[in-house]
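Okay, got some structures for you below.
You will see chain A twice below: alongside chain B first, and alongside chain C after that.
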Partner chain A sequence: MKLAFVVQRYGLEVAGGAERHCREFAERLVERGHEVTVLTNCARSYVDWSDDYEPGDSVVNGVTVRRLRVVRPRDAVVFDDLNARVAWGRPPVASFIQREWMRQQGPEMDGYEGALLDLARSHDVVIFFTYLYSTTFTGLLLLAGRVPTVLHPTLHDEAPAYASIYRQMFRMPTLFALSTPEEVELVERIYGVRPRHRVIGVGVDLAIEGQPDRFRKQYALTTEPYLLYVGRLDPGKGSDELFDFFAAYKIRRPGPLKLVVLGDPIKALPAHPDVIVTGFVDDEVRNDALLGAQAFVQPSYFESFSMVVSEALSAGLPVLVQAHCEVLAGHVARSGAGFAYRGYAEFETAVDILLAHPELVAEFGRRGRAYVEREYAWETVMDRYESALSEAFDLGAEINVESAVR
Partner chain B sequence: MSTPNENLSVPDLRAVVDRRRDSGELSADIEDELGAHFRSLTSFRPQPTIDALASIERAARALAAYHVTVDVQLESDVPGGSGVHRATGRVVTPQIDALIEQIDEQRDTLVASLDQFVATAHEVLSALDSFEARREACEDTFARAHARVNAQDEAIYQLQRESRQRTIDLGADHDRFVERMRSGDDVLAEHDGAIADQLVGYDPVLQIGGRHQMLDALTARGIGTVRVEAPDGLGVLRESGGDAFGALVVLGAVEKMPAGDVVELVSLAAHKIRPGGKLLIETLNPLSLSVHSHDLFADPRRLRLVHPELLEYLVESSGFGEWRIEWLSTGAEGRAKPVPGGDAMVDTLNENFARVDRLLFAPRQYLLIGVR
Partner chain C sequence: MTAVHQLLVGASPGDAVTEFALAIRKGLRAAHGRSEMYAFHRDPVLHTDVLPADHESIGDHSVDDILIYHSSIGQPETVQVLDAWRGRIVMYFHNIVPFEYFYPYDPYWASLLALGRMEVTVLRDRAVLTVANSEYSADDLRAVGYDDIHIIPPVSSLYRLRDAVPTPSTLVHLEEHMTYPMILYVGQLLPQKRVDMLIDALHISRTYLGLRPTLMLAGPGRLGRFESLLKNKVRELALPGVHFTGHKNAEDLAALFRHATFLVTASDWESYCVPLVEAMSLGVPIIARATTVVPETLGGAGLQLPADSGAALMAEAFARVANDDELRLSLAESSTARFAELEKLDPVGDFIAAIGSVQ
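Right after this comes the complex of A and B.
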């Protein structure tokens, strides 16, 4: 098939779960013999959408990437005020304010609509990644009814998702490609639409190799057990809460346990003698750290899949995850490979149990590996994905309109 | 820590936590303290609730069931006290009874009002539910309508595209006819050399449609030129990069295009020709009535005549810095012969013939030259 992806950023250097998710799918579809074009812009950062890449066509790992210039960088002053009103303000919010919020959020690209129509007229299916940005909002409304479309919303239970401007958009795709069963419920709950969907998930490399001793040596660890967190240091990701919980734990349970944090700081953590913050690390260091950890902690409230959790499970680690995030709790419920904690008391108890019961840790590790092998081996995921794209193609440009409320 | 009784199944974490709480091992203070922080991170999503109505209903039922009773004390340990109590009771009791009766009446009124309020509120909530369902239906309808409009728009686009791509086939002699229409005008061919001279140093040149003699004239001067047929011209321009050409030569093509394509052609030219480059458009002149009655119909591929003022407007509005019109033929071959003689009547007659000739036989073609 001739497949087109539309995504807010794209490139080997672009950080971000949804963007990486998109790139993995695009490259693997090329490996399977499909012709893939990605329509995106020249930005690496979503904070200001500044042009970093050259505009025009290029080929990245077999994928044709068509980059358009960003019309203007995001004006944080204007956007933050609008965001406070639309995402966090009391509804209802006037439609024209929401549309301006969407425009300010960006990325607004030069010649986007024309490029999108050209793409739609020369490809079998157009696939949009991430519900949030104007690339998807503008694009889905423009292409609905013209060409089969697939939306990967990568939906989180977060404040902007409740903006009523999205209610129409979530009725426009031909098919939803969702990451987890929990995302289906979330789409229905927030937008009142029963999505025609396939749960695809995200693939994970099953063979994670590394040298845990190398990591311990690099960060002056000897035999101390450590909990591992991989991700942005961002209150929205729960990193502040994890720090508070861990600090409280260490007051109540003095001992050798450490917390190792791999990730770029959006908001830095306070200094703590038992918390090691490495900053961003490459895959080799991350794998070394994964293989030596006692358990993996994912404190985030807003995840649509959490690739790091699936990688931790693949590495045989028990996981401690935020129970308020239904997706994370779902992973734990289906895998039986850890605990979903809700509040400090459960966090403390879960850590106590894992430290005191190595046989349970080993069992959790076995269950986790079995879970990702069963559900998220790349071959399995790509088979599901190809089947979903074929279904979308067969459905044609039919849109997905079936309200949950009747 | 107390050792929970886990085995290799997933322990019930919450049950373990409860046991720890019961034993006092986990203090509520830490949880509460961190709970505030925890709650501060959750998103604000006010949900409509009818709990307040349930509270009002419960209060109304309790109020309805409540009866005021007065237990008047008659006994007394004080000598003579009972008599005083009875005497007081006789005086006060009727007043108290009346008061209680009034309170009961007021209470019944209040309960009835509360019942009415709750019933009305339920009706409002029910209407809201119904509204919500209708709103969802509206969202569906709007979504379907939106997609239908898009689908119609796409169908129109595809029809237009097919119409543009459709070539008129004149049968076995088609190619010979086309070439005859292209090269039949010797007057135009004479201009080719002059036009080509103007384009030295402007390569690469894109020639859309027109005579092969023009291509020969350009290449003979060493000007790198690509020639495409008129129906393919727009597509080639769309796919070309910005500033890709030094000049664009469009010969006998715009009269074969839908009006929208002519607008797009000039607009694209303003981006695809590099600054300082040239746009040349040669087409039939609608100011000649002979062109309307003859040339327009001689070639069935011709759709409409393009007025020079329209082309000038498009070139100006697309951002070309300068432009001019050149008339490519005199049109004299069709004109009436002047009446010989020299008196005033003959002069007037010839002047009138000349006026009609100018209308009938104005130059058949004109050339617009724009500089970006």
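Right after this comes the complex of A and C.
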């Protein structure tokens, strides 16, 4: 098939779960013989959408990437205020305010609508990633009914998701590609629609290799056990809470335990002698860190899948996850490979148990591996995904693309 | 001795017309002895002080007696009462809001406003003395054939708020919880006051000009449908920082004025605008659209925006005044200077002197 992805950022250097998710799928579809184009922009950062990449077409790992310039960077003064008002205001917030919020959120791209229509003319299915941004909002409203569309909402139970502007958008795609059973329920709960969908998930590398000693040496660790967190240092991702919990744990349980944090800071953590913050690292360092950790912690309240958790499970690590996030709690419930904690007391108890019971750690590791091998081996995931794309294509067969895009 | 009475449509404490009538009565009683106030609608607080406007209360009178009619809205019984009055009539025209503003929200009230304009025309030939509250209002009277019009603003106490002790708890609350700039509007929430434009301007200044303002709307609603419209507008804009305080007493108003960064009015239509005078009495900067009587009341004070200006320009003015210390200071000085001019006037004395000229 000729497939087009539309995503708010794209590139080997782009951090972000949904963006990586998109790139993994695009590249694997190329490996399976499909022709894949990605429509995106030149930005690496969603904070201001400033142009980093050159505009125009390029090929990244076999995928044709078409980059448009961002019309203007995001103005934080304007956007942050509107964001707070739309996300936290008492609904219904006026439609024009929500549209302005969407425009200010961006990314607004030069020639976007024309480029979308070109995609629709020349591709079998157009796939949108992430519900939140104007790329998807504008794009789905323009292309729905003109070409089969698939939406990966990567939906989180977060305040902006409740903006009524999305209710219409969530009725537009031909098919939804969802990450977990919890996401199906969330779409229904927020938008009052149970759309045609497939639960796809995200594949994981089952052969995670690395040298944990290399990581220990690089960051001056000897034999201390450490909890590992991989992700943005962002209060929205729960990193502040994790820091607070860990600092409290260290006061109540003095000992050698460390917290290793791999990720770029949106908001830096305070200095702490037992907290090691590396900043963004490449896959090799991340794998080294994974293989040497005592357990993996995912404190985020807002996840639609959490690829880092599936990777940790693949690496045989027990996971400690935020129980307030239904998706994370679902992974733990289905895998039986760790604990979902709700508040400090449960966090402390879970860490105590993991430190005191190596046999349980090993059992959790085995269960986690079995879970990801069963559900998230790339071959399995891509088989499901190809089948879903074929279904979308078939569902869209009655669309007369030639007349629809004129 | 000639008696000089006053007839009002409504009398309530704090109302500018009522307060001025009370001050006149005090002066008249001192000068002439007999003077009463009559009103069709009386606030219970004034039941013993202001008499009902009916034949029984007004009772016997001579052809030399004078009845001052305060014209501010129509009342179906007014013409009957004035027809039955055998004495002389003085017209004090406070002006009447164009009925079109009220028609969408309260057609009955709109009809009373229209009636008030008709009464003014009907009474023209009976008035032995005509007073208007401003040049602007005098022009309205001239348009229907009045001449020889005295201009006397209805200001009985220039120092009402300056003399009031600000409520300490209100001051502390404002200082601790209100964001800068604190924009103050004082007045009833009525359509012609264009409070809707203030809300739009607040939205623009917040969204696009980087302000995080507070808007205090200090005044009663009066028209439920219009007040609901304003509150819905604030909610739909998801606009933080807008406070509907309802009616406030002098002490709370004094606190609001003293904490305000500036007073604002976007009003389409005013015939005097007492809150402008109150702001000037406290040296508070003013931003106002220069509509109807506003330039006359302000003289050279305040930042006066063109009469046809909209919310966008108003928002620019908010940002400019909030961010420019020098401009704010010069606006405060212009308020104080204009107030010094107003202090030289003696409206109550002028009014009583005018009455004396026809006795």
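Here, the second predicted complex is superposed on the first by the 396 of 406 C-alpha atoms of A that agree within 3 Å, B and C clash if a C-alpha of one lies under 4 Å from a C-alpha of the other, contacts with A are read in each partner's own complex, and residues count from 1 in each chain.
Note that a contact is a pair of C-beta atoms (placed from the backbone, for glycine too) under 8 Å apart; a residue touches a chain by one contact, two chains touch by 3 or more.
Note that this is a predicted model, so its numbers are computed, not measured.
Partners chain B and chain C, brought together by superposition on chain A, fit side by side with no clash.
In the superposed model, A:Q211 lies in contact with neither chain B nor chain C. Of the two partner chains, chain B is the only one that A:G343 touches; chain C does not reach it.
In the superposition on chain A, A:N61 contacts neither chain B nor chain C. For the combined arrangement built by superposing the two complexes, chain A sits at the apex of an angle of 50 degrees to chain B and chain C, based on C-alpha centres and given in steps of 10. In the superposed model, A:V78 makes contact with chain C only, not with chain B.
Contact comparison for chain A: of chain B and chain C, B touches the greater number of residues. Of the two partner chains, chain B and chain C are each touched by A:R90.
Applying the stated contact rule after C-alpha superposition, one finds that A:S122 touches neither chain B nor chain C.
Per the superposed model, the minimal spacing between any CA atom of chain B and any CA atom of chain C is 14 Å. When the two complexes are superposed on chain A, the residues of chain A that touch both chain B and chain C are 88, 90. Residues 77-78, 81-82, 85-86, 88-90, 92-94, 97, 100 of chain A are the ones touching chain C in the complex.
Contact residues of chain B toward chain A in the complex are 1, 3-4, 6, 8, 10-11, 13-14, 16-17, 20-21, 26, 30-31, 34-35, 37-38, 41-46, 132-133, 136-137, 139-140, 142-144, 146-151, 153-154, 241. Across the complex, chain B is touched by residues 56, 88, 90, 141-146, 157-159, 162, 167-168, 171-172, 192-193, 235-236, 238, 240-241, 244-245, 248, 252-253, 301, 324, 336, 339-341, 343-346, 348-350, 352-353, 356-357, 359-360, 363, 397, 399, 401-406 of chain A. Those residues of chain C lying in contact with chain A across their complex are 206-208, 210, 212, 235-240.
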